[in-house]
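The next block holds one structure in the form of structure tokens; read it before the comments.
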Amino acid sequence: MTAVRSDTAPLDVAALRADFPILSRTVRDGKPLVYLDSGATSQRPRQVLDAERRFLETSNAAVHRGAHQLAEEATDAYENARAAIAEFVGAIPGELVFTKNATEGINLVAYALSNSATAGPEMARFTLSAGDEVVVTEMEHHANLVPWQQLCQRTGATLRWFGVTDEGRLDLSNLDELVTERTKVVAFTHQSNVLGTVNPVRTLVERANRVGALTVLDACQSVPHAPVNLPALGVDFAVFSGHKMLGPSGVGVLYGRRELLEAMPPFLTGGSMIELVRMEGSTFAPPPQRFEAGVPMTSQAVGLGAAVDYLTAVGMDRIAAHEHTLTEAALAGLGAIPGVRVIGPTDLADRGGAVSFVVDGVHPHDVGQVLDGLGVAVRVGHHCAWPLHRRLGVPASVRASFYLYNDLSDVDVLVSGVREAQRFFGVAS
Amino acid sequence: MTAVRSDTAPLDVAALRADFPILSRTVRDGKPLVYLDSGATSQRPRQVLDAERRFLETSNAAVHRGAHQLAEEATDAYENARAAIAEFVGAIPGELVFTKNATEGINLVAYALSNSATAGPEMARFTLSAGDEVVVTEMEHHANLVPWQQLCQRTGATLRWFGVTDEGRLDLSNLDELVTERTKVVAFTHQSNVLGTVNPVRTLVERANRVGALTVLDACQSVPHAPVNLPALGVDFAVFSGHKMLGPSGVGVLYGRRELLEAMPPFLTGGSMIELVRMEGSTFAPPPQRFEAGVPMTSQAVGLGAAVDYLTAVGMDRIAAHEHTLTEAALAGLGAIPGVRVIGPTDLADRGGAVSFVVDGVHPHDVGQVLDGLGVAVRVGHHCAWPLHRRLGVPASVRASFYLYNDLSDVDVLVSGVREAQRFFGVAS
Amino acid sequence: MYQEIILDHYKNPHGRGLREPYDGESFQVNPTCGDEVTLRVRLAGETIEDVSYEGQGCSISQAATSVLTDLVVGRTVGEATRTMDAFVELMQGRGAVEPDEDVLEDGVAFAGVAKYPARVKCALLGWMAFKDAVNRAGISLPGNGASGSERQGVQS
Amino acid sequence: MYQEIILDHYKNPHGRGLREPYDGESFQVNPTCGDEVTLRVRLAGETIEDVSYEGQGCSISQAATSVLTDLVVGRTVGEATRTMDAFVELMQGRGAVEPDEDVLEDGVAFAGVAKYPARVKCALLGWMAFKDAVNRAGISLPGNGASGSERQGVQS
């Protein structure tokens, strides 16, 4: 195990960057790459690439299915990764289900709930029907919105949602009217992928607990960027994606309270998740296996295990502090440009490192294009949060998002690039 | 592009093996690894590992979501992989959906069918209800059985199945009684992962077409081992897994006829699969995007693209011929041992390279253990085909499965290892 | 990619605004960025008498729609189809297609956009709306401009 | 791993067969290989008077169940629990646990099996059935032998 840094000494970004091969490439005719799109997907350090390759060159086999030495080694590597990732979020291994991405994790919960309707009388506690309600927020990523719309469509339940204030905070003024005895699920994001807003998990969980609703936390943008202890947050379920936290694509995690995972019907079915199979019907394995049908993303889980080792060695507190510094600089730098408007909180309390903005008179696509020409990779569009953009009265925005390998010079390039876009489109003042 | 060999010149196995780093390792105190478990998962050549790493070190980004150069390159790599894989099975790119494994692909179809009940009147053609029937076979992998049991449970439809003959062939004697006007889906395996049996796709498809039932082909064990043209087979849907064909884990493929994919409701929902999202409801993108929610298994798709390039360069005809030779030798070698009984066809017509057997007086686990001690990796158990084992009157079996990197010496080690197990347990004659 | 011609059309769009009467109207959205256009077509027999539109979008989508009006107004549906096909071919050519200025006029300025796949959809948004609006006016436009596999927007 | 003692028990299992009367019965299956055991327990107060069983399985599962009968018949439920805990600890110890021959008797022969994780389930199959059968006889067996997270079989 790597040594854990819990201090908040500044990161040695230059040393860290040396671990990420892609960061030394150039784009668009020799411009150094300034990667400010980690909110969409992060880059991977050698340590993660090497761990996956080492696994594939020495121990690759189908896990939980074989008795030969490779199968044993592969199963150990896969389960050790689960244990490492569980520890990273304060959970026990049996509470972690590997999925292909966070999106699958949310769908898993939504489908398990609708499946409970036909899965036998003991599943009644999970069943939704007309009159029941699911509550989400207006700032959700589509991944934590559309599956709930679909669950409501399947079951006849009604979707309701928290609004967003002009400052980009959750409007909790009607908390008690929204979350009521009719509420079966409250699903919300820990940290907005657009605004950076960190939501008050405790307040929402307390209210949901009071009315007996399940809570589902979208932790995609929090777990990669700050220390997160999921059991301590008190949520029933949470999801995050490997590719946003230095790990491989193709692997995500669903955390679920043990008691719930044990009681829930399965979602995807097939090999490795069964207990007894007859043509007439089947019974299912205990969790987490019950929710991992088929040959899993084995090497990807191993890679994600290496990613959490890497993050732990750097120190999540230090990463959070580092991103705080970058966010502060970006808010100041962009805020100082006339005609640039940051959407989302401009104070740094309860705010993570995604900075979205619009430039008066220049469409986000065009801002992005000018930045791209300068080597700066940002995201433009609605960032899979279309209703949020509609609420804030903008069709789209430009988003810069930071990670441990960015530094203040990246912020400088971003800020001067935005000025350049204004000049190019003749809107500089 | 690599040159395609369509001749049937014998494989240069030694040269091929040099591409697979794991095959040069030793197990159990220095025994050379004899890997006969490719039916569970295959190993990966350098070319695939390198392609994935190259992608990750140069072009990694979220696909279909960004406008910067990395995002463009990543999207191109991902879509080029889709095109290469589509060509490999004779399809067009728009007919291929990337899933996490074949199991997800089958579940996708099964859930899309049950979702159609609440997805609007134009989906009525996909809806199942009480009185409708789903037909499978007794030789299915759990992945192509349990999802249909669950679909029936969700919809009230009835599951029926073809039996298996003592020789391990599909019993089609009651084809017309089983597949009737009530049948909505006929799902069956192309090649049994236990018996090696290749099923008569044409016969089943013709009957299904006659009654208007959808056909779902489990091509997990055929696409990796022989030339397969899915549209030419006439099936409506087919699935296969990357990890069984030299590609990464965490990526599978669902093939669907364009017209069906375009008409079907979505399964997993979230980012990248939408057309328009409002809090009140959403509409969905055309296929294949409609079925690819969330950030996909990007580098894994790229790796699978490299795998089909590799397979094509070697030549699928030659691979099939090679496995034919190995299967023939294994059937002869094992068949010559008193007390060893092969389950599955012993004639080589319509038979692929999985050889399962039982040894009188020695439990499969114990046979496998002795083989493992000799460096031979085989699979023991029911191989996720429990009903088939029950039908054949054995609780479990030993399975050797071959691929392009195996040669006749591997068969020799297997056969002498089985004799060794008999000696050890005192049942040699 | 930002040719002077494109910026000119962006800043001074031709034919902008929604006008009555019209024979077909289409609303199209680019699902990745939310850009949208509402476009109306007025026909006189086979001839496109007017194209009017409104929407929000980037320089590329706005300019391309402006160029579109220049290219199709006063032409027959058949001529417009051929122009559309040429423009779509140019945009999907990854920079490898040599544009014909006789056919595409100001549209040749978009040759550079074809090298940026993420922006191709922007350039085609107005054309998708045009094709759909003509269809809705009761005339079926053949051509490769908006086959099922390239459908990119939403109609409402 | 195939100690002589294991092979002896495998070839000449102790206490095999299902006998009447009994107080609790359990059916357990190993889902990965289909091996199964039906096991009955007869109690006299706190004392285990008989363990009878039938099933199909590999040498390890068969021998382990045979050893089980030697270890628990004639003992109290409390003693049996301690033995079970020691055996489970040995099996889950990856070869790092030193077995106590006074407690485990012939069971020490399974120390080598602990190095083969895929076979640990085989060695524990009979013990899971035993624990469940005692439970079904109305006596709750504590201990770490079959907590939720290690549940490996099916009960019917």
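Here are some notes:
Here the chain labels run A, B, C and D in written order, and each chain numbers its own residues starting at 1.
To be clear about the criterion, a residue touches a chain if its C-beta (ideal position, glycine included) is under 8 Å from a C-beta of that chain, and two chains touch if they have at least 3 such contacts.
For each chain, UniProt lists the protein as follows: A, B = Cysteine desulfurase; C, D = Nitrogen fixation protein NifU.
Every value quoted in this text rests on a predicted model; they were computed, and no experiment measured them.
For the pairs A-C and B-C, the larger set of C-beta contacts lies at A-C.
Farthest chain from chain D, judged by C-alpha centroids: C.
Chain A (Cysteine desulfurase) and chain C have Cα centroids lying 37 Å from one another. With each centre defined as the average position of its C-alpha atoms, the distance from chain A (Cysteine desulfurase) to chain D rounds to 44 Å.
One finds 75 Å separating the Cα centroids of chain C and chain D.
Of all residues in chain B (Cysteine desulfurase), those touching 2 or more other chains are 65-67, 71, 274, 276, 365, 369, 380-381, 386, listed in ascending order. Within chain D, the positions touching two or more other chains are listed as 32, 116, 119.
The residues of chain B (Cysteine desulfurase) lying in touch with chain D in their complex are 363-366, 369, 380-382, 386, 389, 395-396, 424-426. Interface of chain C with chain B (Cysteine desulfurase) (complex): residues 29, 31-32, 116-119, 148-149, 151, 153-154. Against chain A (Cysteine desulfurase), in their complex, chain B (Cysteine desulfurase) makes its touches with residues 21-22, 25, 27-28, 33, 35, 37, 40-41, 43-44, 49, 53, 56-62, 65-71, 99-104, 106-107, 111, 115, 118-119, 138, 141-147, 149-150, 153-154, 159, 161, 241, 243, 248-252, 266, 268-274, 276-279, 281-282, 293-300, 365, 368-369, 371-372, 376-381, 384, 386-387, 390. Partner chain D is touched in their complex by these residues of chain A (Cysteine desulfurase): 64-67, 71-72, 75-76, 94, 258, 262, 274-276, 283, 285-286.
Residues 1-2, 7, 11, 32-36, 56-60, 116, 119, 122 of chain D are the ones that touch chain B (Cysteine desulfurase) when the two sit in their complex.
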